[in-house]
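There are two complexes below, and they share chain A, which is joined by chain B in the first and by chain C in the second.
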Partner chain A sequence: MANLVNYYIQFIKRDLQLAVRQKHEFVLPLLFFVLILILFPVTVGPESGLLARLAPAVGWINLILSLLIALPRMFSEDYENGWLEQVFLAAVSPSFFILTRILSFWLLYCLPLVICSVLLVPFMSLPFDIWWVLAQTLFLGSLLVAALGSVASALLVASRKGSGVLALLLLPMLIPALIFGSAVIEAAQQSLPYLSPMLLLAALAVFCLTIAPVAAAQAIKINLG
Partner chain B sequence: MLSAKGLVCIRNERILFDGLTFELESGQLMYLTGANGAGKSSLMRCLAGLHQPQEGQIRLFGQDIKDSGDKILFIGHKTAINEWLSARLNLRYWLSLSQLAGDEETLLNKVGLLPLADIPTRYLSAGQKRRVALLRMWVSQAKLWLLDEPFTSIDVSGIAVLQQLFKRHTDSGGSIIVTSHQILPDDLVDRRLELEYRF
Partner chain C sequence: MFKWLHPYAKPERAYALANRLYLWLWPLALIGLFTGSLWGLMFAPSDYQQSDSFRIMYIHVPAAIWSMGIYMSMGIAGICALVWQMRSFELSVLAMAPIGAVFTAIALFTGSFWGKPMWGTWWVWDARLTSELILLFLYLGVFALFYSFDDKRAGAKAACILAIIGMINVPIIHYSVEWWNSLHQGASITKFDKPSIAKEMLWPLLINIFSCLLLFIALTCYRFATELLASESHRKWVTKIIQ
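On to the complex of A and B.
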């Protein structure tokens, strides 16, 4: 167990060091997210009621689109330089490596976007208490995107034209998350209890985090062969 | 130690090898040769368990090769070096991945890279990057080494050092399969296997 914890810490550290050295790749989804948040009110107009109604949808769609920029790179560099081959020859299960990668991806790309979604409050006139609920759904939803995205990214790791196909693979799988996410927000906006859809969203995220590493490891193994 | 029986490998509808059978005992070095495209790298990947042959069986110490990844050191064309990280960090993370311990300073000094240990490997020459990858041979505890073109971009003195390492490994009971277009000294090679190019 101590070995696994050390392994986990080492590879989170590796991914963080790589992100620091490749800042241009790291900040791209974040810049995209902020730009869309700025552009949206400019195109829709200043009507605060309409903006506030649209804000949760903008937050969710913007998060997914921003992550689609980063997801194709989840394994591509390690595939190209041969690191993934070494992962599959190592004593530790490749699924554990994939789980580590999903969590580091979430820390590096998803968490900053969830935090940046607070910009919906000034730009889209979203009440702060509703943003707080939205942020919780984005928190869980982004875990789900990272987990399911790892499978899509692993399937397409050997393909150089992967990003378009990745979106086509991933977006339909996110429909349940979007349904539960919007159910939470709708309930919160009407001051109704929203715990049930939130728990269902959390259950979906846990389920995906459990099966995605195994599925992604199999997909990478097929690509390595 | 290693036995391969009736291996068949087909790539893009071309049969690379068909019914390939051989054995390798402890302490032996097998020199694998063949023209470009003959299937040397594919065979190496099959032996590492990274590629599943269409037919045949590979066993290492009586165990299926798929369950023996940690008993194999595989250094292929891809060096597993991340060019954004330094030689030191690349080595450190490979040691973590393999759950091995080694003194980074001593190891880097062995291949003459200690002064360049902390600069990103993208600033190193091809030969220096290859040396970083080959550092794994000094620390690996794997019994079987699969080395695909290990001498690529390595200078004469480096080749001599590698050959000494091969000798040390086989003397200690390990086995090596090496592909190379470089001629290996006869006293180093125990077995030879030539793959023919098939159309």
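On to the complex of A and C.
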């Protein structure tokens, strides 16, 4: 067990170090997120009531789209430089490695986006307490995106046409998360209790976090040949 | 059972079986579809409420039923492919994917044409409609994944994994969508909420459902046999067949 924790810390440390040394890649999804946020008021019009109604949906879809930029590179660099092969040859279980990668991806890309979604409050006049609920759903939802995205990214690690197909694989799978997320927001907007859809969303995230590492490890094994 | 199944691991035996099944089932399916549709379209009594426009049911319902059935069989074939590492199963997954996609598309289009006179719109965001639309994209995903690889074997295996994941996910999507809809708006039009169907209407429907199954098996066998020939094209038995 102590051994596994040790591995875990090493893997995460390496991922964070790499991200710090390649700042430009790490910032790209954030910039994309902010840009899309600007596009909405420009196209819909600056009417604050309408914008406030759209804001939670914009937050969710924007999060997913921004992550689609980062997801294709989840494993591809390590695949190209051979590091992935070494990890799969080592004694650590591959699905454990995938789990650490999901978590480091979540720390690096998802968490900043969830925090960044606070921009919805000034830009789209979303009430702050609704934003707080939205941020909780995004917190859980982004874990789910990272888990399912790891499978899609692992399946496509060796193919050159990555990102378009990745969207096709990932987006249909995310519909349950969107449904539960929007149910939470809708209940919160009418000041109804929203715990049950929130818990369902959390259950879905935990379920995906459990299954996805196994599937992704299998997918990478196929790609390594 | 395995003793009986084992010879078919050999591609030539599998090819022969698929070819024979295709040759038998293809005419059978056509005859069934012809009688079922003719009976349904010409001789079945018209509905007291929907008059003649209910007759599109004879295409719509079989296509919708088998769009789900094909996905399940594709997932099961995917599991078999990964467990026993047999190429034939991988090829069968690829053989089924486009057929399933076409069945789904037929169900969506005929449903839309049925919805226009009955509900007054081409499309509503009803639970069944939405999950059927997502199913179409899942099929397309399996296919797109296969084509995004240069190495066909790796692509087929990746497609198998996706088919399995989809099989786990389809019930989740289905029920979440149903839940979403019932939360959103109350009683909208549910398609199957009708009084139990008259016998004269039911028989042609059953015939059509069964012959659509036969059609699916026949087409799968045909595609499977073709894929098998293509993937084994350097072998002796293939050149013998082609000549």
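Basically, the second predicted complex is superposed on the first by the 225 of 225 C-alpha atoms of A that agree within 3 Å, B and C clash if a C-alpha of one lies under 4 Å from a C-alpha of the other, contacts with A are read in each partner's own complex, and residues count from 1 in each chain.
Criterion: a residue touches a chain if its C-beta (ideal position, glycine included) is under 8 Å from a C-beta of that chain, and two chains touch if they have at least 3 such contacts.
Everything numeric in this text was worked out from a predicted model, so none of it was measured.
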Worksheet item: Between chain B and chain C, positioned on chain A by superposition, is the outcome a clash or a fit?
Response: fit
Discussion item. Touch test for A:Ala215: chain B only (first), chain C only (second), both, or neither?
Written reply: second
Discussion item. Under the stated touch criterion, which partner chain does A:Glu47 make contact with: chain B (first), chain C (second), both, or neither?
Written reply: neither
Item to complete: Could you say whether A:Val92 touches chain B, chain C, both of them, or neither, answering first, second, both or neither?
Response: first
Worksheet item: In the superposed arrangement, which partner chain does A:Val165 touch: chain B (first), chain C (second), both, or neither?
Response: second
Worksheet item: Where does A:Asp129 make contact in the superposed view: on chain B (first), on chain C (second), on both, or on neither?
Response: neither
Discussion item. For the superposed arrangement, I'd like the angle with vertex at the C-alpha centre of chain A and ends at chain B and chain C, nearest 10 degrees.
Written reply: 90
Worksheet item: With the two structures laid over each other on chain A, which partner does A:Asn81 touch: chain B (first), chain C (second), both, or neither?
Response: first
Practice prompt. Once the two complexes are aligned on their shared chain, state how close chain B comes to chain C by Cα atoms, in whole Å.
Written response: 7
Item to complete: Mind sorting out which residues of chain A both chain B and chain C touch, each in its own complex?
Response: 225
Practice prompt. Flag every residue of chain C that touches chain A in the complex, lowest number first.
Written response: 82, 134, 137-138, 140-141, 144-145, 148-151, 154-155, 157-158, 161-162, 164-165, 168-169, 172-173, 176-177, 179-180, 183
Discussion item. Residue numbers of chain B touching chain A in their complex, please.
Written reply: 45, 48-52, 69-70, 72, 74, 76-85, 89, 92-94, 96-99, 120
Fill in: chain A to chain B touching residues, read off their complex
3, 6-7, 10-11, 14, 17-18, 21-22, 77-78, 80-83, 85-92, 224-225
Discussion item. Applying the document's contact rule, which stretches of chain A touch chain C when the two form their complex?
Written reply: 151, 155-156, 158-162, 165, 168-169, 171-173, 175-176, 179-180, 182-183, 186, 204, 211, 215, 218-219, 222-223, 225
